[in-house]
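In what follows, subunit A forms one complex with subunit B and a second complex with subunit C.
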Partner chain A sequence: MELSIHLTEKNNSLVIHLSGEIDAYTAPQLKERLLPLTKQNGTLIKVDMEAVQYMDSTGLGVFISALKSTKENNSKMKLIHIDERVYRVFKITGLDEIMDLEPRNKVERRNG
Partner chain B sequence: MGKVVHSNIENYKSLLKNYIANQDEQSLYGVDMVSKSFLKNNILPEEIVNLHIQVLQELYPDLSEDIKHSMDFLLEAMISYGIKQQEIQTLKEQQMAIKSEISVAASMQETLLKADIPSIDGLEIGAISVPAHQMNGDYYHFVKGKNGTLGLAIADVIGKGIPAALCMSMIKYAIDSYPEESMAPKMILENLNRVVERNVDSSMFITMIYAQYLPQSRRLIFSSAGHEPGYYYNKANDRFEELKTKGLALGVLPDVQYQEYRVDLDQDDMVIFLTDGVTECREEGQFIEVDEVLDVIKRFKDHPAQEIVNQVYKHFERLQGFQLRDDFTLIILRKKV
Partner chain C sequence: MGNFDFIEMKIPAKAEYVGVIRLSLSGIASRMGFTYEDIEDLKIAVSEAITNAVTHAYQNDEEGEVSIGFGVYGNRLEIMVADNGDSFRLNEVEKELGPFDDTDSEEIESLREGGFGLFLIDALMDKVQINNKQGVMVLMTKYLHEIEVDLDDDQVSTR
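After this line comes the complex of A and B, so read on.
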């Protein structure tokens, strides 16, 4: 399974659209794209997880290292439209309490 | 080797001669064999072209100058291929060396992390841990305290392979170095978190449950650092209950406080701890739900704890299309008289 990564800029914030699976094979790709963005002072990076159905703990590692980098570089990161199953991984590891996460809203999806 | 090469050169000559005369399959098959033998002996492409030129000149002393020049030209064109071939050879040798180093490291890890299951009064313990690759990123560890208590750690290092395995050894030796008085689960996790946060690569983290069993009060005290929840099996009502815990994985933030939880065990009650490798295996694209793990445990509940964990692994191993994506670790504690 592949992971495709698209970057768009909207209202002065960066949005990374991810699509596919984040696992040991695709995580290095994500790290390579995401980490440099967190190093730009004052940026807000939104990671759109709408099309991510699977993420293993290696993917979590990438977001943890991005989180550490946002703290060092005064940037911000928010994960949006997170699938229920993927959200569970953030919850178990306790990351839901220290990261800006927004689960997927089923109602909103149907209407939008 | 020189001898082999020489006989192959002779062979090449006669095969070429035959082929020019008859265009037969036999000669083509022959030259295929010869070329394989050349490869085996590290004969470079330009050497073969050179050989071809010599043979041609022997067979056709009146060979046109133009053809001779063109062959020299071809010889030059082959040189880069020869260099690449030599590079591949070197890489192959290096890969062999790395492979053997990894297998040495893997067996060293096995020795370092060898976890003996202690015998504790009134407690039966079953444990299994199977790595998905050569080196295991899961870890479990039992410590028997002087007053008959049991300390138990189950952990999953995220970040796979060798770095994860090295990290595991660090954790084991950190736990071993804590004095017995400070074995309270929350203290252990708080200390380990500092060790991991300081020493580990930013994308690496560890999830862990540390538990302590006190035989006199039949009480299990535990804390979780972002680990897969454990389960409590209540014999009286024949039900499993998720052991809900909160706590951040080790290595994410420098100062973290952990909470302690407890469960009191009655005769034949069980506590199950596992790593997410158990639930991350997939059956033809489908995830295995933890309920299935618990079902298998229930089915074998009258067997010894060690046999139950073995049976669970066997059950998933037998599934069609089963693929161990992650290391698999399962521990069962059962209260006995």
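After this line comes the complex of A and C, so read on.
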């Protein structure tokens, strides 16, 4: 029930790699790392969700704050490699309409 | 009330224990035969209810406890989450409950304002009821759906 957060920087884009679960316990840690990044004018922040297996509304709250901050600071945020189940939470709440989200590539479905 | 098993757990009202309940819940739900998808739904709904109780305790600077009860029935799982740390008096629980949109107490308002928490609970569970007589108690139900797969057909019917 931990979330590890690693940051890599390439040219003018930052990638924040998340691994673990985003819940009431870990969301504040994520917010603390993510929000300052959105305050850098003109940056593109990619949030790599590849290794996130669980997220609830506490995670949505963090990404909503981050999105607001990007608009105020002229930065951008994109969530990539989102697990199907995690993506569903964005979809149910309609946040897929306002956020830049990229689901993880699905494995080809078997026939029949 | 019929035949059912009841499991009760109590945790300190702290965010670090929400994940512990998710693990227990996974165990109970998979024992019952819920699908992977349903278990994921249950995990989110229960976490939302506990997170709300924990946040509430934190705002009021309380060192409270949260009680979680699992009612294991043949065809469904009922989960109760209460923010007052009291044990559940099962026969009284039912009659004090109301549908969640019927109430307008401050505590339930704060559950709503918490963002998407209550919305997700309602979207992911089959039935949700809330009682706010003493603290807030959320009772949510998810039914086990038997899936029948006809071998001659690729159609899946749920009943």
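Basically, the second predicted complex is superposed on the first by the 105 of 112 C-alpha atoms of A that agree within 3 Å, B and C clash if a C-alpha of one lies under 4 Å from a C-alpha of the other, contacts with A are read in each partner's own complex, and residues count from 1 in each chain.
Convention: a residue touches a chain if its C-beta (ideal position, glycine included) is under 8 Å from a C-beta of that chain, and two chains touch if they have at least 3 such contacts.
Every value quoted in this text rests on a predicted model; they were computed, and no experiment measured them.
Asker: Check subunit A with both subunit B and subunit C modelled on it and let me know: fit or clash.
Answerer: After superposition on subunit A, which the two structures share, subunit B runs into subunit C.
Asker: Is A:E21 contacted by the first partner subunit B, the second partner subunit C, both or neither?
Answerer: second
Asker: Look at A:K31 in the shared chain and tell me whether it touches subunit B only, subunit C only, both, or neither; answer first, second, both or neither.
Answerer: first
Asker: Pick one for A:E97: touches subunit B only (first), subunit C only (second), both, or neither.
Answerer: first
Asker: Per the contact definition in the header, classify A:S65: touching subunit B only (first), subunit C only (second), both, or neither.
Answerer: In the superposition, A:S65 touches subunit B alone.
Asker: Going by the contact rule set out at the top, does A:S57 touch subunit B (first), subunit C (second), both, or neither?
Answerer: Both partners.
Asker: Between 37-45, 73-81, 217-225 or 325-333, work out which stretch of subunit B sticks into subunit C after superposition.
Answerer: The segment of subunit B occupying space taken by subunit C is 325-333.
Asker: Can you list the residues of subunit A that meet both subunit B and subunit C?
Answerer: 23-24, 56-58, 60-61, 64, 85, 92-93
Asker: Residue numbers of subunit B touching subunit A in their complex, please.
Answerer: 156, 158-160, 201-205, 207, 225-229, 246-249, 251-253, 276, 280, 287, 325-326
Asker: Write out the stretch or stretches of subunit A touching subunit B in their complex.
Answerer: Checking each residue of subunit A against subunit B gives 23-24, 31, 56-58, 60-62, 64-65, 67-69, 85, 92-95, 97-98.
Asker: Within the complex, which stretch of subunit A touches subunit C?
Answerer: Against subunit C, subunit A makes touches at 1, 21, 23-25, 54, 56-58, 60-61, 64, 85, 89, 92-93, 112.
Asker: Going by the contact rule at the top, pick out the subunit C residues touching subunit A in the complex.
Answerer: Against subunit A, subunit C makes touches at 15-16, 18-20, 22-23, 37, 40, 43-44, 47-48, 50-51, 54-55, 114-117, 119-120, 123-124, 154.
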